[in-house]
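Chain naming follows the written order as A, B, C, D and E, and within any one chain the residues start at number 1.
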């Protein structure tokens, strides 16, 4: 029963992921993109949950869905994209098919590589993926990346501010 | 306590400097010069702290209780630290005039600069793919912003956009590779991975190779190896001079730091990455880069194209590692240094001259330069000679080591191609020399610019001197350190790796 | 004593550095340059005096480590082969400075000083990497001089000579690197010293390929037929002092390289290339001479003439017997003197009339008899008239060729005719006939110019009248080299 | 457990490929950005799957860091897009070719 | 025995040349230096002649096979190529030494008068002395290399002297031609020497050593050597096919022509063959070839001479013709007869040229004989001496030419080479005809110049220095023959005896010889008669003949040989040169290189065009790389596992 539920949930989420992806890939209007993005990220979060990654699920929901998607949405609204400003894409299908052919080896390789690495999920304890265990790990193995990541975020923030700031007063064209 | 923390000191100094700059950048009244010198002081301080550490360690995990095995202090990393710090300071000082003429560079610029260097340093020290990735991202993000720093300049925007899109795109490959490594071995610590591969390597050859190559793809992208080079010309052109120079010289060093570490520890003995694929890429890079460089009229683009070629040379040596070339890795380090010195000279002069004009410089702009600015022309000529690998410059020795490595590893065709490409490069480098020296000055532009005694110009001159000194060596002046010593140092650094 | 070569090589560069540092005035500059040239000449004569022709191997050797990792050394040395060329360089430089005496362009002088260091270094270097360094570096001042101070498409021609020569030397570089590696493979230690590489037991196929690299470099430098299209271009564009260096010295370095390194290192496989080299140099000798006939530019004409003679020298080297080798070595020196003379005088014509086109000239002999005398003298010595050194050399090469095979000898003897094809017609149209408008105010040789040319004339005469004064300096070592070559070549078959 | 890890990998691979396709085949800068985000999320999915597979929380931790990186990149991307749109009023990536064409900038 | 005198003899003229050349070039003009030039320019040859006489006098006291050696220094010594600068006077070179110095001195003296007004007086004497020195070097050399040096220097000197009037390009062209053709000969000569050296087994390369070692070389090779050496002689002695320079060489001042034709240059070939007598004696076939060439040249030249109008050209062709005789002689192995004819010819040919020069000077550089005429009464001295010379060359008895020429012809007959003999007789007839044609037209026939040049030419009076050497030479032309009076005429062929050369022996009975000689004289008289009929008693007024018939025109234009050379050699060479200049170098060599470069740059430009700034393209190329690598992995590793 649970298995069926899990399977169907997985199918649903997988469908969500792909739908979101395809919406981004194929749609033309920014609103659809945002929607697709939202669906995709949320579905990924759901998949995290299915994988017993509870902390990751929350993080995804909070940061990605709650943060990134929202900010993206705000951005779309802020710049108030006009339909006319959207690029014309006359040969989209052709490009799509061409690109699909080109990336086929990569996808194939990726899939082939990944599928050799495990047959079935082993059972895990309930605490797997929880905040406590992850926190312990983070303070044991992840201090350095964490520190660097903090600097990274700071940098990105500073950078985003610098880039996003309105025109400065010094307007020397060069 | 002090001794255990010492390896952190340079890194810490840099990050402190970055914060200091961020803080004071809010103060409007501080002059740009102060930012510049504060940055340089921090860099030099860090340099001074790092310098005595060289030659003291090999494979020491710093504060293992806190950081686990992720942060490694060894001579290898220290040497690269020194190159980043010195290179960063040089880049800034040489561009001092350029920066001075443009008031939109402020504290944040220098803070980002320091962030980038911080990222590079942690990259060099990282013994774990995850911090390595994050450091790389940190450096990249800082440089994305630096690239687009001059927002009112459309080219700058465009450059940043391209770099950002393609850079993140390429960055995904790194983390994908890391993920696969993790999937195979359950760890991302490089030394543990190496140990794992020693034992189980053959079972998961495809996965491991895929992971290794995906990581390499990101590195190759940043180096600008063909076919991952396409961003390079536009980004170099669109970036402000100090940033271009930084990317061409220091960033490349950083990437080879991680590439070498991965290669020497992870790939070489385990045969994860076929040398032939790197060789093949080296061939593509050499040919493609020379094609790009030869067909440019703008100097910055030419230098960008040529920097692709120089990346190709280093790939030659990279592909020779493990094939019996006893100096392949030191050759790369020597080449990095030689390329750094010569390209810093070249970019520095470009930026010095471009400081006044607002146009992208072309070959034509250098017509008759030797009359207007004899000293600068001489320095430029020396840089060009060195870049083309003309003997009696440090560039020749760099190429010499590279070719020797290729020959030692039995890749004769590759060495031959490298030599041929060096021949082709003579054309586009000497074209500039010809422009400078062959034309009499036209009347209206004939006035001689006096040689401005400034830290920028003096450093460019110093670079020129080092270029010559490095090429000629020391046999005429006994007891004076020779360029040969650099190889010994590099060898020692390589030796400090497990 | 072993330092003397170092001084000879680097004294001009040192002077260039010091003079350049103080940005001296023209008068000081030229005095300094002349001083350096005279000092080098004095040192060179000192080495000649100290030189022991009977001794085997190199003399005045200076051998210091340079690049430890690959066993590259700073290795200078001298044997009679290099001594001859060194002597020529040292002799010519003061004369060239005399030629340039009133030229106020300081860049000219610095380039010449550096050029001297370059060519001298290439002659004396015995470590292959060091040799390559000098071989390539000497190109730079030439490049600048042609491009900056030359004329007639000089920019393109500077690029042409640069690219041709660099192409060749790059091929050589590859071979050099491989040789060093092979040395390491065989003996376990690195060395790029010439004599170490010479005793490598390379397998024939590899050696053949490597020899091709060397030969390409030298074929371009000499230039042999087919590799020569840069020659006339560069000669036509080069300013006179650079031109003299090009023809009198740099081209000889191609020969020198072929001789010392081609024959020294690849003795075993060179017989494979012998037919090609023989054909190229033989046909080239005539080809260039015929090409010279219709040239209207004096520089181009004598460029081809130079080519013809260099082919002859190369031929002598390829013939590989005592007479031919002695003749080639002798011709290296005498042709250097003669071509220096002729090119200097062409430069004088250019200074006086602003043209070196033959059809714009004519009748110089009527206005300037001294000039005509010297010009005729040099032209004739290029044609190899007896009494000048060129005759002796050509005779020796011809005899050497006959010692190999009668037909070869007869073919070589056509060199007697080669120069005739154009020299006399040229003389007729430049010196003789009614004076052309351009030479109406042609000034005869001034005292400085006479002083500049007289040593060349005297030397050519002495070398022609009493070659026995000079041959003992080099014959024993040439014989020794020949024995070594035959021994090495014989070891293969 | 009925859902095979391969299924997760398949989803991740597909998502990754969709991301790449988005970058290449579309001219809309916004789509490009979103596609890159999708790629990174695909990698995250892979990491989470591996983590579950081993089972070992190292992968989870990496994915966590990745979320940070994704956020940082997103910030930068958005800033750039805003900036660019403000300047040029277009999101057409093909409109940014001035550097390559060597125009006077 | 050895003596330093021969060296001194050789060096003296060179010294004179050097001194005069230096003074000419470096002492400022304007000062009157002529006396100095005269002193040095005449002094050195006279001194040389004097020393020569002393040496020869000394020589005659020695046995015939002895020689006086005069080594100076070692010229070169490499391997077995040991050449000394050493001179030797033996009987053969003694004759040459005397001829060269004596006749040469006379010509020098003559030249003082001839050149007195010339701007380049000093230069002329410098060249002249140089010429003499070169010839002495050639003659006295003790080894073929030194001989060759002299041989070449003679060519050089002739170049300088023929082109002496260098304002006129035609003169220079003539000088070029002379040197070029000589050089072609020299090419053969040096090839012969090279081959000889390569083949010989003993060391040492002086004549004595060479002749001693000839036995070691097989005959075929010896023949080749002999032929090659003779090619040199063809050039120097103006024989078919290398003769065309000779008539043009008249462009120089007349004393130069005299020197070239009489005493020095052209005789070198004959001398060389005689010098190499031991070699040629081994290869009679080549000797016959030489004789054949000589005969052919003699005939051809005589034919040409009969149709020429230029006084100097007539004499030039006559020289060529006489040289043919000499070569017949040396070719057939009668060396001493050849040398004797050489000596005699030196006297009368020098006389002829100097006489012609006097006429030319007197007529203000007029050379067409048909514009002269009737000069006999105005220039009696010249006329008389010229008559002597003409008779001598025609071979009228008691004159030197009779004995010398008839000796050659009789020998040819006696040795069975009747064809050559017959040609010789025809040539003798033609010689008589054209020489007297010249004599009659210039001196005897009335002044038949057309009305436009009617004005009585004011003849320049000849300086004494130009006249009295004529008499000396005339005396020589008359009496020289008695030195070698054949036995048939009661003599003892003293000259041939003393010469002591390796002659072949062939004797005729006296009666036969009388008949032959008589026949010869008859033939000569016939020639004179025809000339007399045609030019002294002409049926119509004498004018420059206009040749209407093709063969006449052809002969007057010397069979278009010059044109032939031009078409066959000069133009093709220029054509090739042009072709190299326009096609091979720029198109084929540079063109293919440029093609490669263009290709490379083209590819480069195309590939740089991929750098189109388009972000998607960039991503695509990136992805192509990734895909490629993936494919590689799939195939290389994935397929394997």
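Methods note: a contact is a pair of C-beta atoms (placed from the backbone, for glycine too) under 8 Å apart; a residue touches a chain by one contact, two chains touch by 3 or more.
Bear in mind the structure is a predicted one, so any value in this text is a computation, not a measurement.
Shared contact partners of chain B and chain C are E.
Ranked by the number of C-beta pairs in contact, the top chain pair here is A-D.
Chain centres here are C-alpha means, and the one lying farthest from chain C is A. Farthest chain from chain D, judged by C-alpha centroids: E. Taking the mean of all protein C-alpha atoms as the reference point, the chain centroid lying nearest to it belongs to C.
Between the CA-based centres of chain A and chain C the separation comes to 71 Å, rounded to the whole angstrom.
For this pair, chain A with chain D, the centres built from the Cα atoms lie 7 Å apart. Remark: chain D and chain E have CA centroids separated by 96 Å (rounded to whole angstrom). Centres computed as Cα averages put chain A at a distance of 103 Å from chain E. Those residues of chain E in touch with two or more other chains are numbered 611, 613, 615-616, 619-620, 623-624, 626, 628, 630, 633, 638. For chain C, no residue reaches two or more other chains under the stated contact definition. Taken residue by residue, chain D touches two or more other chains at 16, 19-20, 23-27, 32, 46, 50, 53-54, 58, 61, 65, 69, 72-73, 76, 80, 83, 93-94, 96-100, whereas all remaining positions touch fewer.
If you check each pair of chains against the touch rule, the ones that pass are A-B, A-D, A-E, B-C, B-D, B-E, C-E, D-E.
Touching chain B in their complex are the following residues of chain D: 16, 19-20, 23, 29, 32-33, 36, 39-40, 43, 46-47, 50, 53-54, 56, 58-59, 61-62, 65-66, 69, 72-73, 76-77, 80, 83-84, 87, 93, 96-100, 102, 104-105. Across the interface of their complex, chain E is touched by residues 158, 161-162, 165-166, 169-170, 173, 205-206, 209-210, 213, 217, 221, 226-228, 230-231, 233-234, 274, 277, 288, 290-292, 294-296, 424 of chain B. Listed in rising order, the residues of chain E touching chain A in the complex are 616, 620, 623-624, 626-628, 630-631, 633-634, 638. Interface residues of chain E, counted against chain C in their complex, comprise 21, 24-26, 73-79, 81, 123, 145, 148-149, 152-153, 156, 159, 163, 166-169, 172-173, 175-176, 179-180, 183-184, 186-187, 190-191, 194-195, 197-198, 224, 573-574, 576-578, 580-581, 585-586, 589-590, 593. In the complex of the two chains, the chain B residues touching chain C come out as 327, 370, 385, 390-392, 396-397, 400-401, 403-404, 407-408, 412, 415-416, 419-420, 422-423, 426-427, 430-431, 433-434, 437-438, 473-476, 482-484, 487-488.
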